[in-house]
Amino acid sequence: MQRIGVFVCHCGTNIAGTVDVAAVSEALKNEPGVVYSTNYQYMCSQAGQDIIKNAIAEHGLTGIVVCSCSPRMHEATFRKTAAAAGLNSYMVEIANIREQCSWVHKDMKTGTEKAIILGKAAVAKVNLNAPLTPGESPVTKRALVIGGGIAGIQTALDIADAGFPVDIVETKPTIGGKMAQLDKTFPTLDCAACILTPKMVDVAQNDKIRIFSYSEVTDVKGFVGNFDVTIKRRARYVKEDVCTGCGACTEKCPQKKIPNEFNLGMDNRRAIYIPFAQAVPKVATIDLDHCNMLKNGKCGVCAKVCAAGAIDYNAKDEYIEEKYGAIVAATGFNPISMDKFDEFAYSQSKDVITSLEFERLTNAAGPTGGKLLRPSDGEHPRTIVFVQCVGSRCDSCAQKGKEYCSKICCMYTAKHAMLTRDKYPDTDVYVFYIDVRTPGKNFDEFYRRAVEEYGVHYIKGMVGKVSPEGGKLMVQASDLIDNKQLRIEADLVVLAAAIEPDRSARPLATMLTASMDTNDFFTEAHPKLRPVESPTAGVFLSGTCQGPKDIPETVAQAGAAASKVIGLLAKDKLMGNPCVAHSDENMCNGCSTCENVCPYGAITYEEKEFRMPDRTTRIRRVARVNEAVCQGCGCCTVACMSGAMNLKGFKNEQILAEVDAICR
Amino acid sequence: MQEITRDTLISRAKELLASGEVDRVYGWKRGEFCYDVTPALFTDAESLEKDFEWGDFCGANLSKYLVEETRKSEGKILVFMKPCDTYSFNQLLTEHRFDREKVYVIGTPCAGMLDPKRIRDHAESFTSVVSDENGVTVSTLFDGDVKLDRSEVMPDRCLNCKSKKHVAYDELFGEDGGTIASGRFDEVEKIEKMTPDERFEFWRGELSRCIRCNACRDVCPACTCEKCVFDNPNSGVENKAAENSFEEQMFHIIRAFHVAGRCTDCGECSRVCPQQIPLHLLNRKFIKDIDGFYGEYQAGAEVGSRAPLVDYTTEDIEPSDAVKGGDENA
Amino acid sequence: MADMKEPLIPAIGEVVDIRMDTPDIKTFRVVTPDGKKAFDHRPGQCAMLSVPGVGEGMFSITSSPTNTEYMEFSIKKCGCVTEWLHSMEVGQQITIRGPYGNPFPVDDEFAGKNMLFIAGGVGLAPLRSVINYCRHYRDRYGRIDIVYGSRSKDDLLDYQEIINEWAVDEDVHVHLTIDREQEGWDGHVGFVPNYVKELGFDTENRIAVLCGPPIMIKFTLAGLCELGFEKTQMYTTLELRMKCGIGKCGRCNVGSKYVCKDGPVFRFDQLDELPDEY
Amino acid sequence: MSISKEPYRPLIVAFCCNWCSYAGADLAGNNRLAYPADVKIIRVPCSCRVNPTFILRAFQRGADGVILCGCHPGDCHYTSGNYYTRRRMALLFSMLDYLGIERERTRVEWVSAAEGAKFAATMNDFCETVASLGENKRLEDLRCKK
Amino acid sequence: MRKITLDRLDEFFAAVAGKLKLYIPVDTAGGAQFQQWRAGAKMSDALNTTRSAKDFFFPQTENLMEFKTEGKKIEIIDVRRENEDFAIFGVRACDVRSFDVLDRAFLSEPADTYYQNRREHGVIFSLACSKPAETCFCGTFGIDPANPKGDIVCYKTDDAIYMEAKTEKGANLMDSVSDIVAEDEGGDGESAVNAQKEIISERMKKLPLASLSTDKFGGDKTAKFFDDPAWKSLSESCLGCGTCTFVCPTCQCYDIKDFNAGNGIKRFRCWDSCMYSEFTKMSAGQPRLTQLERFRQRFMHKLVYYPANNDGMFSCVGCGRCLSKCPIQMNIVKVMKNLGEGGENNG
């Protein structure tokens, strides 16, 4: 039997206002195992903790119950207190008599009664607690960043800066991500390439960073500190270490009519190509689907022109396995498909474009060399209509768009409108919006400049229909402020498409056993207090894979994720959660049911020899829990018919004792 | 087609023993009366000749014995199995309860077993039963012969046979059948259609007869736990003799839950219940719900299949919707 | 015998002293709530102790019947009841009923005999009451030899009592042994059966009482037989087989003999007649 | 004999997963959203930790209603735990219903850490439902009655 | 001798039930069971009840006492109360004999007062069997179903039940209802009963187990049968369930357990079964390790150990319940026939 001390906290009047704390400590005195019971104003204060420490020493306590605020608040505090007094931290249980009692019940009598019952349940549980020791596991001092956009780049640079090796896995032939496609950035209007490309070069030159471009993660095993990751390096048919990036091949390749992804299909590239001039790694890549040599063995021009001899038509996909201590997801976003938005005639007219396409049209490295020309006829557009919230903030049409706000559209549209008016003052610019959201440093000033200085027509209202008519686009819209219907004859319509997580995020989340929300954004461990960590230990979140963000926010989160990774990698050993599953092999049937429900693959089986009571031996298959992998959800304990599987810290006996105490 | 008789089985068993392919045979042994055959292990030709029995009363499902028996020695065991037994056999293999290599299965045809309890309803103190295609003739001690339809004296599980197909065997005697769209859920539906009060009364009446002899558990091929929770003082549900209605319910709910998704509906529980509680109606309720909620699933149909309770889809029915079915009848 | 009209309903006992004898054996002193001895008993008899909500357990009464103040129980931790008992503190109440089983025939067969007590481990517990009874009525018995062995010095039960009381008595000869060499131990080292043979007791007018783990009993018995002991001279107790104490629950029978009613004290020639299931 | 009869209050046991629903209950507390004191919460790591025996045991010991709260499907801290809970409880509750035991006495509710209001509303509603059913008679153990 | 015609049976039951609790066998979905008589209850025609009549004296579970604990203090609460008088109607000869068997176990010193209390308050109406079943072998143990023991012995003919009180308890009860069922003075009672006995005796001779004999068994046969090779094959397929012991009218193994109900601790006694693997498991060890040993214990007890301690009386009454209820159809008849026959394979 335990020797239990009970400590009831007043929490000022937070608890004592609705709960008779003295009555609670008195009532719990007679519970089995309780040898000491007291109450104090603030148990979490230094003086309160001293009361606990002294009582542990004085009364030889083997377990303590603190009746106080939520364990989510101070369980860790009191565990440390106990440990400081030489008591195992897991001999502490908290009865939540604040959040779940005094704050939700008004009446002193019921509040006190309930507090006593909650205290009894905690005492009943502690009576069955056993000291637990966290297991230790080593940490592989290398991080993996999945995604090579600005988020991944920043995270990798920061981690490498702290001296830890980092690998970046990027599916595209180059890192850079969406930011590399942008022209200017709001609200400062500095050139995206000018601020991004130096960072890309830093990455390339950093000897702590390896870039696996044109690659993807195909398998993740293991757990925090000890991930085993398989990376598929797609064959690019160009030897990365030999190619000088001179570009001769990309000029000679006879396959010229391949839509250029980097320019969103608005111009063409060759079958062998370098996405853009500042690509990192600056290495050519052969597009398997369009290369004549690879498809039917007839061509070989690139190999002939390559002075370095970098072309290798026989290259194969390679799989490499690497160990990591931490993984950062930085998979980024994409604009949503416009297929479902027929009312805007996106598929009918080349002159209806998305904002990202607009970005390329205005970019000096873009298909038009930075001149704003209509895709259909190459003419200067005289009237441009920007449509905001295309697919964002859709509540009724959830299956069509997204419920959330994509966050960045207001600002980049203001940027587009402003830049258009700046370069082409003869152009009329209309922006249709639901709300203009500009919370951010210098954001609202920026927007107002667009309206006030640059004369952009901001109209509150939605565009109902865009119809191509005789080379023009008829825009039907409503003006909600003037309460009238508008018809605008536009030359170019730009849709601010909602952004959504990259499609690679979902399968990746499954591999990482990291959770996602319904929109496929990664879930953070805590929305406020742990925004850059996934609930899965050792997995961190950087950039828009966690939710819509602009560049400064992305960079800030990337740095935050990096610091979390650094904090993890700086440790030599990790203390595990000792509340893990444990199988009693004497009762185990070896039936694999627990293995089937374990989300972490923490259960394996072994054939074990047992001595029978009649002195014969039998070999039986029994389950074994890898305590470093187990996260302690307890799913296996219910799946196990024989009851061999139990969860330390939340044993069947303990929960039943709590039930009994509550129902007594 | 060759007719399969007791002799067919014996001679094949003797061959397999003689060749050393197997070193023991699990079958049935005849007893005092025509109906009291006992599952038994045979190791030699002589005892097979003398005692081996195969007929209308060899209903016991032998698959469960293999768990212990295969552990006893390295040799291979010949076992005879009716179609329904093979489902249990596969389920046990799925759960790694024994080594397939240690068993030689001969599938035997089955026309449905006879139930001594049902025979007694028609013929007290009976001493012999002869069955043929025309029906069943029962001889009694004091009332002469009674002629009955086979369907009158078949147990429920055979009347509602779900399959005449052997899903596992090394050798098959007779021709294999197929699965049968039986009315096995009719009784369940009948209960579902009752009002909650009627359902409660019905089950109270049935379960209150339980004497906690554990026969249902001990015969159940899905209940092969090394240590049953009901025997384990630490499990929180241990109870030796049901003191009251709660414990009766507790035992049967938990037991049914533990075999949910694993129960092959072999019907042994109801066969052996000394109090004739229709225990299979609990298991069938789970089977029916599983089929309805998660798609049809037959435990034991395939080795290695994933049982419904160790599986999920993101679109599964909510618990609140799962029990709405009874609303209209309430 | 105490009031046996209600064989299943116990009395309340209060634990007034707890002594840690060895790492896994504690000795509990029990009296009634008003401070008296719960009931009289004879050497070798048992009592049923229970912790309500945990269960009942049968234990040898280790104190001598000649002690009229209280009863003592030396209990080894090996199950849920004993674990609970070990976690008790002084002042805790438990329940007690008894006495159960037949005592050693201390006033009949043993009278006037030279006594040889052989115990291993916690097996000394049932013999302690007999030994102290014989010491109390010293003149009724001849020479007393006590061979007692345990795993280590720390595992020797009642060590202080043995050294300070038994060993100083006249014509009481204590022979202690432990299984393995240990620092601070200059006594005999070796297993009990071998030690008994080494000591080589004469069989004349002697009664041997054995109690200990089955393996010790088996080899000691063989050893004594080699020394010339007859089975009719040797006794043991099967008290571990007792469950309900009154021979009704169906567990304690060995063949047709019920340990609760016909034992637990058996002479080895009586045991020979029983089937080998104990 | 005069007994001042207090109005009947049901006893409700709520199993809450540590990551969502227990936090949701805390949030209800932070926001001072009242619900009856009849509700007593037991913290479990995940709703999938709740064994049907816990639920039956609660009824045995005198609970009138048992509610399980977990993360919303898809949001489980342990990825898939609540999906298993959902299957287990769908089958268990259906079985209880089949045995004629009032299905309103058991419930599963998904409450996120952000849904303090939902937690309180759920508890208010559940208490009311159970209170209207009265004492649990069909799944009670008379020995445990006072 | 008293007589009640079957059309007035309800009246008779009502009269008895007016004096004390009356239990009669009625048909249920689980076969015939003893139930408290209520107006309209119809007596079962079945030969015997599924559960034996031992439940009345040795119920499956019974509360022995309760404890309240507070701090280190314990309070023992004796929850026994004097049993109400009750009567069981229609107990067959075999079950009546089982009470003798149980008496010797429970009433021997020190007597079990719980059992004793019930026994003293029960009145037994035994009923002669008219149509024994193929599984009956009470004759093997010297029981005559034509002449059952009991407080009041009853014979059922086509139209009436004849009753004769055999004990004082029985006579008192019958006297108290004599306005309903009068002495059958000068009636046909004697001859009707004799005719009935005649039929039963004839039928007994035809039973397939009529020749089963106890000759080779008895209290002195431990050595003869303990190591019999037949045990292995007999016990091989035993599931270790408790069916045989729970339907057996003479099995009396029990366990005493505590149940913490939250509002106090209840110590109860419940049936246990020597067939259960946990039965003899103790912290000190397990003397009956395998099912063979447990199986052997049960039958050795019935055929050897019990007679050894009870003047040769066997603790089987030949009711045949285990013959029809064992899940694997293993039973005492097979044991009796195969033991001592030499050779493992005769089992």
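Points worth noting:
Residue numbering begins at 1 within each chain, and the chains themselves are lettered A, B, C, D and E in the order written.
Here, a residue touches a chain if its C-beta (ideal position, glycine included) is under 8 Å from a C-beta of that chain, and two chains touch if they have at least 3 such contacts.
Please read these numbers as outputs of a predicted model, since none were measured by experiment.
Here the chain-to-chain distance from chain B to chain C, counted in touching steps, is 2.
Chains touching both chain C and chain D: A, E.
Counted by C-beta pairs in contact, the busier of C-E and A-C is C-E. Taking the mean of all protein Cα atoms as the centre, the chain whose own Cα mean lies nearest is D. We define each chain's centre as the mean of its Cα atoms; on that basis chain A and chain B are separated by 51 Å. Centroids built from CA atoms put chain E at 30 Å from chain B.
With each centre defined as the average position of its C-alpha atoms, the distance from chain A to chain E rounds to 71 Å. Distance between chain D and chain E, defined via averaged C-alpha coordinates, is recorded as 46 Å. Of all residues in chain D, those that touch two or more other chains are 52-53, 57, 61-62, 74, 80, 84, 88, 141, 143-144. Looking at chain E, residues 255, 257, 259-260, 262-263, 272 sit in touch with two or more other chains. Going by the touch rule set out above, the chain pairs that meet are A-B, A-C, A-D, A-E, B-D, B-E, C-E, D-E. Contact residues of chain A toward chain D in the complex are 70-73, 96, 98-101, 103-107, 110-111, 113-114, 117-118, 121, 513, 515-518, 523, 527, 535, 579, 597, 599, 631-635, 637-639, 647, 650, 652, 655-656, 658-660, 662-664.
Per the touch definition, chain A reaches chain B in the complex via residues 586-593, 596-597, 605, 618-621, 639, 641-644, 652-653, 656. Contacts from chain B toward chain A in the complex involve residues 71, 95-97, 224-229, 232, 234-236, 258, 306-307, 309-311.
In the complex of the two chains, the chain D residues touching chain B come out as 52-53, 56-57, 59-60, 73-74, 80, 83-84, 86-103, 106-108, 138-143. Of all the residues in chain A, the ones that touch chain E in their complex are 30, 613-614, 660, 663-664.
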